[in-house]
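First chain A sits with chain B, and in the next complex the same chain sits with chain C.
Let's turn to the complex of A and B:
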């Protein structure tokens, strides 16, 4: 059966074209482990530099590049993608789905991630890559960093954000819409629960990073002055970056907590202690994570009351974590613990995370943070949380699900060996860094009294590195020589173990459902009838390649960009026109979105992330506007007439979209096409008017870099204009199909979904118009 | 020790007091929690023939609920009381840090890639080296002329961000004559590691004669 659906695993075609969630999960796993080697090698390079107080292993610039790219790669290209490797493979199995809601988008997420990473790697070969710290502080990474490699690396991050956005939408829709009948939201296995909370945090955090990267790229490439002007500058970036950055800490941590919770139950043979309270605590953490970013800015001179508020929220967030970790520990009471490799890593991760959590309370206290900021204490703390809590926890997951993914059992002895090496190496590496708390971080030289601590850390680093080599060997060796694992080698209770190892392409024979709390399989599998589902598409790869080329050209040769944009248009049309079959199960648990179909939910989720994007861009404008002492009076700098005309045009176009949909609903082919054409004309008129306005400004010598009013105006209306332009491309496509009679007969939902986007773009303008022209 | 001889608190005292509370509690909590966990693991480790717990989850079930809210809430209540007292202690320390002594000497600091410029009240400008009289508080007005830096004098437990376009205020006080290292604690480019200045605390008389000689010249 399998051979009919997917080409064999030994072929290139299979891995380039696959959209199956398990294949994509494997791709994510291999790629994230590859980047782990890259990030780890960089770390070992600067650990070598730090093996002595005054060595010359790396030049100061090379040292800065190594620490910067190490941080970015580990946080964004290793820990999160490793979590999503597991999520890709396991979440659909845990909820009883055949695949993610949008298989092609899932493949797209992967390829965008890979090509984003490739861009970062390419930047190494452009003389200098990012060397400004993973926090990209301003204005160091804008006006004071002329290197082209920084641009390329930054654009790599932009591709990663695109990947994350796509996969966020996919997982939100999947977990809400594809659960097996009877699997209530509160009964989700903890791993899936944590992934859900993770993607909800991603949904609101990553658009802030995207907005930051767009503004930064605009400063660097177009010459806007957001970060080089004192009114915006360093503090504006701090707010944007840490609004993303602190939730990001929990984004890399939560999936590991989910792994640990599932592993604890399986290997202690007892239910999770106070499971509902854990979930409640996680929801609180996820919400509160957006209210603590200021603790990264305690020393920037923020208002004393604001500092106090951030101290309270920051220390308060340790309480739900208390509840989570203590519940994990109480789970072990009166249990029957089997110390297999996954359990060892889960327990080790908890112990390490406890140390990270306690030291986090230190840093939440402003008075201590005053002294600890920028030192090795901070470095030690976040490695104990993100590397210890996050990465080590995920390693537990890799071992836990390895038998499910491969059908083979890994070598337990090698697993234990890795555990011992990991725990020893980890603590040798990071604990001395707590004790080096008087030393500034990101510094290649240090006083002689720190030699013993730093040397122990370097040795620990190499032991930790070696521990991962043992893991790679174990995973590869067992793939070939491992014992057959069976369906449920751990005697676990969750749904992913109730099928073969590895599972068939459709995951389960029959449709899983929980009836009266007990699993059963409904024989009449909806998928078995009708046309078989599709599992292959070339377009996710092509789209990602096209995006990659377009961005690569910006920092190398614009020819790449031209080719890339052409390929992009071709791939979008290819994707839209492809006949790709992926059905939703007829029955399932979908609260609270029973009546919102998956496309609609996807659009709403996507628009929610767009709201955050524009929210941050507009907030940046309001911020520089309010901190700026001088600002031109309304009507003196920008022509109100242009703005008013465009407001009128866009609002009218919202009406025509509604009328196009109404026409489609009553089956009027001419009405549908006519009103779509009217919308297209209005959109073109909007952009034409915009073009005139910009030309006039340029004619008066006002450009991107003239001043903040000009910079904010051009960038904000530019981003909005790009959204209008994207909308017009979509309308052109819709119109070409409507002229051939589409939508009027069936499929008018497509117009409805497009309408959401178009109305959203119009609403954004309704904010832009008064903010820029009238006040 | 300064307190014993009736002197005013310094940034070092404020930090050290708070640090000792946090680190003592931190170490105790860490040891207790991790030991308890290890104890549970050792005690409950499966030995041959140990019976399966009665409520062990069975394949294909929905998650079972296991009671324990009371025990958990009690534990969290305990942590909450620790945490709240830590917040209060922090606020008290912060009040002291936020209130520079009235007798402070005022110095303007401009950070640059990669060094420090100091401007004395009389307008004298020095690069890389700041002389102050010991015992007198110094109030810093810190800014940067290029990128984001952070001025830290770790031996004095003093640190403040130096941000272009913005002036931040901080203070410290030194009782012990000597040389203290001023370092940058925010990555600021290739020279970040060697962006080192010196704070020289002098005997008041020495300082005065040096300082007045500047005015004379």
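Let's turn to the complex of A and C:
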């Protein structure tokens, strides 16, 4: 297979195997718009139910399912992926890179996302899907929702988190390591700057969701009792979910703000007003977003000090947004505004978001929150924020970059028609919901005095839905009949407009560089650098398919899981053994990681996400210990000897890993292989000891569901043990290569990268041992 | 990285683990024992990160990635646990 040549776009092979960032961006775009149709159709279904106060369009159960899956799909499978469709296509172009740092990982993240969504869709056909609200509150979604479809939907979310993690690592490394020479971090185009802040938030927020899903799955499938525990289990879920959930609001919003900033500059012909202040404000918001989650929990009766703290942070986070929005508005003052479709959507998004932002301040007040929590006021607020600020802003981006992606202009009249329908439909749909503030959300019936408001909302919903049909028609029609766009139809200033429309596979005919602030192309690139770069690989698709089958089998037929695991092993080996060429430019801006190669940066970014995963799991343990009236004294429930022995085993294995690395560095093949073999043996010994410990506990009648000490112990050490097992698989592969002479001659960095992971697993145990056995 | 540094760090880790076990067996107030043991665990983690993962020799920006994660976890832990102090669930 000529893996450096992309097959024609009309072939299935191209879209199944491509790793090129622009193709992956198109795949994300099409898939996210497909899920927009799915999520939108569900919304119209329950809007029909709400067209009258007591209709039977949907049963109460079907209503709950429609509301729940609509929320999850829109937030996780539409808005963020749509943002990353644009990011995939545009970010490498804006920073002057030929592709993302890890093209195969990029394709992998797309396919994991797609298969995650497929799992959620499949869950509809398994009697009953997720019907517990998109917030998955406890114990409703653990003890009181025993349907298999809920499990499948949850596993779909887990696959999505895997996709997000892979994508996050890729974008962090790309933006830090692949910028054109002279493109300082602070000079990034606003869209790329916003994507950077978004992925940094994703890096620390999504592992919390993964931790929550793992604990929830454990409660549902293994019978652990975290969330069904009457000792604060339900509130623990609130903490975990909203620790992810509130940054997620900004994760959804920031890419749209980036689009809006770029569009405002282009269509007002003015530089962004107070650009540095906007960036500073966004950094502050990104940081504060991890300290405001408690305002979703004012009604849980949490400690007054904590409520006050969350009120302060919630009000505080609105202030940087004031600066951002005022700067956007001031950019327009005395400018030459061109009201093209992207600009209309950008302005519309700002106007809608202002309403969403102001009403959010209401919800930051404890007193008002007591009245408004769980009502349609909240529904209206977050739709004005996430749908208005997020989705409408991203639609501006779709129109803005459509000429670059296709080489064709869209139909301006249809674009304006969609804008009018969107603004009218959006406000008809959501503004009446503010006025329905007495009405509880997620209930299919309501009092008759709300009929006019709810009916206006339903009509607005259908107008909004129709507006997207206009967009689909416009995009498809223009693809065939649109006027040629040229390279820079808007007269824009950022780098993506300085190449052809659509760009060639290697993006630029030359290496872009900013010298004294002026763009120039300092050398030919692409095929001129020796062996051509690879653009095709089957393994991302195969890995994702294997993961999908493995998870699907857990709720359908275990045969799927067995096939999936086999395919997974085959695919991992295929991926590892594939000769895939993706080079980093020799010159470029890499601050603050000039001396850190991209693989090392990728590993550390991944480990940062692992810090969050284990951090939340261990925090959950500390939390339930604090809430529990009684807890066994140290040494009475778990055998300290087992824990101590395993501590010494893992510490020794960390030593053997670094000694393997040291041996490789001095070219000792025997030393490298010997110390890797020792690490493998120690890892196996660790798991064997763990197996014995678990067996003894089971023998004493202590199981997953015995009590909170048992549940937390089995789950925490189980997750850790799974990491050890994954490490052993990697060591086996490394050892097999070391025995054939690898690493001792060259490539010992691989051992160092593996060491980062193994030592991290060791560090986690360093905390598990005292927390579970000694304290 | 010299091998003797690896061996010294390993010796320190083993020693600190023995210390944890010894402190556990001492007739000291529970809070003192707990804080000492968790403190030692933190010290061990730091040694592994600095010398086995080589963070001591890497740019601080790389450490910052992990430190931001740790700071987020600490915020989560402190605020979530503090939020339920004084609440009776039964």
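The definition used in the following text is that the second predicted complex is superposed on the first by the 767 of 775 C-alpha atoms of A that agree within 3 Å, B and C clash if a C-alpha of one lies under 4 Å from a C-alpha of the other, contacts with A are read in each partner's own complex, and residues count from 1 in each chain.
Heads up, the rule we're going with is that a residue touches a chain if its C-beta (ideal position, glycine included) is under 8 Å from a C-beta of that chain, and two chains touch if they have at least 3 such contacts.
Remember, it's a predicted structure, so these values are computed and weren't measured experimentally.
When the shared chain is aligned, chain B comes close enough to touch A:350, but chain C does not.
In the superposed model, A:713 lies in contact with neither chain B nor chain C. With both structures placed on the common chain, the touch criterion links A:231 to chain B and to chain C. When the two structures are aligned on the shared chain, A:419 is found in touch with neither chain B nor chain C.
In the superposition on chain A, contact is made by A:593 with chain C only, not with chain B. In the superposed model, A:605 makes contact with chain C only, not with chain B. Considering which of chain B and chain C touches more of chain A, the answer is B. When the two complexes are overlaid on their common chain A, residue A:294 makes contact with chain C while staying clear of chain B. By the touch criterion defined above, A:384 reaches neither chain B nor chain C. Judged by the document's definition of touching, chain A residues 230-231, 235, 300-301 lie at the interface with chain B and also at the interface with chain C. Interface residues of chain A facing chain B in the complex, by the touch rule stated above, are 59-61, 63-64, 131-133, 137-140, 144, 182-184, 187, 189-190, 229-231, 233-235, 265, 268-277, 299-301, 304, 307-308, 311-312, 315-316, 318-319, 322-323, 325-327, 329-339, 347, 350-351, 354-355, 358-359, 361-362, 365-368, 370-371, 373-375, 438, 440-445, 488, 491-493, 495, 497-498, 514, 517-519. Of all the residues in chain A, the ones that touch chain C in their complex are 203-204, 208, 230-232, 235-236, 239, 243, 290-291, 294, 297, 300-303, 305-306, 309-310, 592-596, 600-601, 604-605, 607-609, 611-612, 615-616, 618-619, 622-623, 626-627, 629, 634-635, 640, 644, 647-648, 651-652, 654-655, 657-659, 662, 752, 755-756, 759-760, 762-763, 766-767, 769-771, 774-775. Residues 1, 3, 6-7, 10, 13-14, 17, 20-21, 24, 33-34, 37-38, 40-41, 44-45, 48-49, 52-54, 58-59, 61-62, 65-66, 68-70, 72-73, 75-77, 79-87, 89-90 of chain C touch chain A in their complex.
Partner chain A is touched in their complex by these residues of chain B: 14-15, 18-19, 22-23, 26, 29-30, 33-34, 36-37, 40-41, 44-46, 50-53, 55-69, 71-72, 75-76, 79-80, 83, 86-87, 89-91, 93-94, 97-98, 113, 146-148, 150, 152, 154, 157-161, 163-169, 183-194.
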